[in-house]
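What follows is subunit A paired twice: with subunit B in the first complex and subunit C in the second.
Up next is the complex of A and B:
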């Protein structure tokens, strides 16, 4: 990991020196030693970049933020899960892929705060970054990737199965309890690289499409709607769950839909460059009859 | 001599309060390792936890200035519109176990909700609520009460303050008559006295930061330091003093409610004009607004800082931003 960090700093400094990038979006340290996003614009500042097991944030969210775009051509540090969000952004024409230099880190797994393993790592699709411009780290250092069947046996999937197995009223009670804590701060949306809408449907007020109130009704409407908008798109990076101040594991809903996309349509979001959006396209081999 | 009370007896006070027809709010653990302030029932009083945690995952303002509150209902009957005011908050409320930095937000909010317009929704809740604070036993890297005039045993906004004696008992120090009444006859005498943790180090000079902010409205500093802000409302919604709200109608043409919902200044939509113009066009301007409101605008108007140093804005920020990192950076500015 230390050697990866060294290589990352060298790479970033070189990109900036050669003006292949104007800004390197990466991880650095706050004054209190916490890992935070940093935006490096001078080669000499590349030393501020860090790479360690606390680098859990998904920095891809910054590629579409206007304040960051203003800094010029970006290079970005990504983990393998984050890299899939870049593929989706490019597939959905939100970024020009050749205008972003993607530095993929071979990842052994990350922690969220207090050393808890990140919920995203429990469902890891792969430790070696795909579809990036440069890989930092050695493939042999990466833990072995889980097969689809093995992934289904992890705690996260087991939790989904447990919830799915509950009788409907108990399942509803579970989500009521979860959503009752939602204050509608939209940290989930704002941390999500794929929630890039300029005007979110939750912000539409002429007329309001869904209640803005943090009431149970409003919270169900918001969280379910967001999950559906991410169906077949979510790359399961877990940024929403990590950002939620109330500790609602939103990824459980998104992952349920991602599972459906994988099971029903063999669609794993962000793994295929040029893939058409799952919702919004159809094929004659689709299972439902109404499409034919 | 001091007055002490056991945790069980404290829980009993909450249970008795509920039995007498009041509402009680207290920190209760949730299934993940977080503690939330929530309304409890008599049985729930047994689950109150007053130690082992530093800050809850929500704020006490939810019980004075709820995230969602009905103002009135409307209904069209024939050609008439019938309005019905929401009933006034009418029950005594006991708020148990908050931190001094949370209770200290109440005198600050009092000014906002009782300045020119008297907000009966806030004021009735405030009038009906007894606040019992627990002095801090530790601080973390995000705490900065000592930089904004607070301390781990600040009694502003509290009716009584408790000190954890770490043996299953608490020292009780009533602050107001109401606090005295709550504990009357419930405590026993002791020679033990409680002690709060030392205050966190002073992180910045608030008045120096105010002077810098006032003179650097158009500085590129704001956008440079706001780059990692993702524009969510975690900082404001977890802040005990942030008090912005939006008023919306919910329902149909025929029938519905006018409601008051929290709103947050870090959203681009917050200041978006109907014309499409946005006077705060970028995240730097939005962060500047939040910090200047807290450290310049409100102090100019009310003579107090609109911040109690609780650190929730940093603690709950997806990218660890918030007041403290920003003001530390301001203090490092040379001109």
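Up next is the complex of A and C:
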């Protein structure tokens, strides 16, 4: 990991020196020593970049931000799961892929705050970054990837199966309990690399599509709407779950839809360059047996 | 401030019998924005419309709700009336209290309450409506006709006669279609070739028609008035401009035993060929899959013999792009290959008839070639197996048609007539022959049609058996191979066995191969069998739901020649109506993008079934990129609203059915 960090700093400095990038979006340390996003624009500042097990945030969210776009041509540090979000952004024409230099880190798994292993790592799709411009780290250092079947046996999937097995009223009660805690801070939206709309439909007021106050009804509307907007798009990076101050495991919903997309349409978001959006593409051979 | 007039119609008794119209009018009066609420017996009539016009003028109404029938029926009527009185036509709403209320409810109390609700939501929507202006689109006054059969030829000639340019595309080497292969035509028995070939020549010589044979439509882009069509002109290996059609090449070609598909494989042709002697253009093509030169580079006799130097073995497919304003589809029909391998998985076929197994069991189009003067036997009815003149022929109708179990559910419409014609033509040539017909019903509706069938039975002595054939076997009887046809006559209740020399199957009509693929290129709907869908069976029979695309002939459903020709002229008339103006007026109820909000995620671009949405770049005055946005082409958009449903940020909206208007309706219903 330390050698990866050294390589990363060298790479970043070189990119900035050679003006292949005007800004390197990566991880750094705050004054209190916490890992935070940093935007390096000068080669000498490349030493501020860090790479360790606390680098859990998905930085791809910054690629579509206007204030970051103004800094010029970006290079970005991504984990294998984050890299899938880049593919989706390019597929949805939000970024020109050739205008972004993607530095993919071979990842051994990261922790969220307080040393807790990140929930995204529980369902890791792969430790070696795909569809990136440069890989830092050695494949053999990374843990073995889980197969689809092994992934289905992890705790996260077991939890989904448990909830799905509940009778409808108990399942509703479960989500009522969860969503009643939602304060509608929209941290899930802000942290999501794929929530890039200029005006979120939640902020639309003529007519208001969903109630804006943090009532149970409005919370349901918001969270379900967000899940559907991410159906077939979510790359299961877990940024929303990590960001939620109320501790709602939003990834459970997104993962359920992602599973449906994978099972029904063989569509694993962010793994195929040039893939068409799952919702909005129709084919005569589409399965219909899940419509009841 | 909205000033709304509500006009409730009795529709004679249709509405008034089940809805208390007076009470409805009274209840609506007090709604916010409503300035007058009246009712009348027939609102669509002249006095009814005058009532609306007078109220608009005297009260200065800004919008009108008409509570009556479905908007499909009379929205245009009431919009026109409102426009006459000076109100924007899109400030007219209709509350459907007939089809959706009085016709479906028996309880007057409940129906009246529902009618009031329906009107209330329409008033609420109207309060949020905005006046809209019709859209104007320029027109390219040039038409594309796809299919060079009798329907396509007629449509092309009619459009060209009005002075507009036409491109006529035909996939075969010659125009003429199925009709060119027929012998005589019912009910007059006039020679098919005699009436068609002059028209074939005419399309080739007409200065306004560009005839493109051996060509297929590859791609269609654009929209009504402004289509861009890519046509693939297949390699002919013969320069049509140099060729004189002298025939030296096909007479000299050593490869003479290739089944001729124009004769439905009953006759042979050469590798360089014209499908039939009267082909238009009378220019041959080389079948590269059978030509010796393409196999081993040798032969080349045609090239050596051609005095004009027209043979070009290096010819390649050409892609030609043409701009047209209207498209007429006339791709015609084919017969289901009953008995052989089925392309349609819903058909189980008729293996018991032995088609494809017994040489003398043929289909009706093959029989046409056998008795056609231009056919492989020169018009002599001869058995394909041994060339003997058949003394007994069995004609079986409804092979595939009207058979839910094995075939298609529809009636192929023309078989009763042509089978009667076949018996006549056969009897005229073989006076002592016997013509047996097995039929389910005789359907001979049409001018002089039933008389024609009666003539076949009464004067020409065709033997009609009402019943089905269960099995055909080939047996040798007295040293001659016969087809033993076992069936039943349900009128006498007895089994019938006929030892026939030949059996002719009147197979069901099906759309041509590739018709559905073409329909998809043109965004035209089609039914489960692949027949293309008209916009409305009665009121818009030659239009499609894809604006600027028209239908004629058997591609839309089974049809005979007179009907196909009539429909072709109708389609041409529709094209000419379009071409009579320089600009097209289109309904403004189309999607509209709020470009400042659009994030250009392309969801709408993918979802749009009409390919009406594209991603455009917005640049500042110096040409710097500001952002991308989706943009709707007003000529292409059909206002279906699929884009609105998929847009995550709702940056796209449907004029006339905006989110604001629809939410107002829903909220008023829930309040």
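Quick note on the criterion: the second predicted complex is superposed on the first by the 288 of 292 C-alpha atoms of A that agree within 3 Å, B and C clash if a C-alpha of one lies under 4 Å from a C-alpha of the other, contacts with A are read in each partner's own complex, and residues count from 1 in each chain.
FYI, a contact is a pair of C-beta atoms (placed from the backbone, for glycine too) under 8 Å apart; a residue touches a chain by one contact, two chains touch by 3 or more.
In this text the structure is predicted, and so the values were computed from the model without any measurement.
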Considering only the touch criterion stated at the top, classify A:147 as touching first (subunit B), second (subunit C), both, or neither.
neither
Larger contact residue set on subunit A - subunit B or subunit C
B
What is the contact status of A:283 with respect to subunit B (first) and subunit C (second): first, second, both, or neither?
neither
Quick one: is A:186 in contact with subunit B, with subunit C, with both, or with neither? Answer first, second, both or neither.
first
For A:92, using the defined touch cut-off, is the partner it touches subunit B, subunit C, both, or neither? Pick first, second, both or neither.
second
Looking at the overlay, what does A:247 touch: subunit B (first), subunit C (second), both, or neither?
first
Looking at A:215 after the superposition, I want to know if it touches subunit B, subunit C, both of them or none. Which is it: first, second, both, neither?
first
Residues of subunit A contacting subunit B in one complex and subunit C in the other
199
Subunit A to subunit B touching residues, read off their complex
30-34, 36-39, 57, 61-62, 65-68, 181, 183-187, 189-191, 199, 203, 205, 208, 211-215, 218, 239, 242-243, 245-247
For subunit A, which residues count as touching subunit C in their complex?
92-94, 196-201, 204, 206-207, 209, 229, 276-277, 279-282
Can you tell me which positions in subunit B touch subunit A when the two form their complex?
30, 32, 34, 36, 57-58, 62, 67-68, 141-142, 223, 226-228, 230-234, 236-238, 246, 248, 250, 259, 261-262, 264, 267, 269, 282-284, 316, 318-321, 325, 328
For subunit C, which residues count as touching subunit A in their complex?
596-604, 606-607, 615, 628, 646, 648-651, 659-660, 663-664, 667
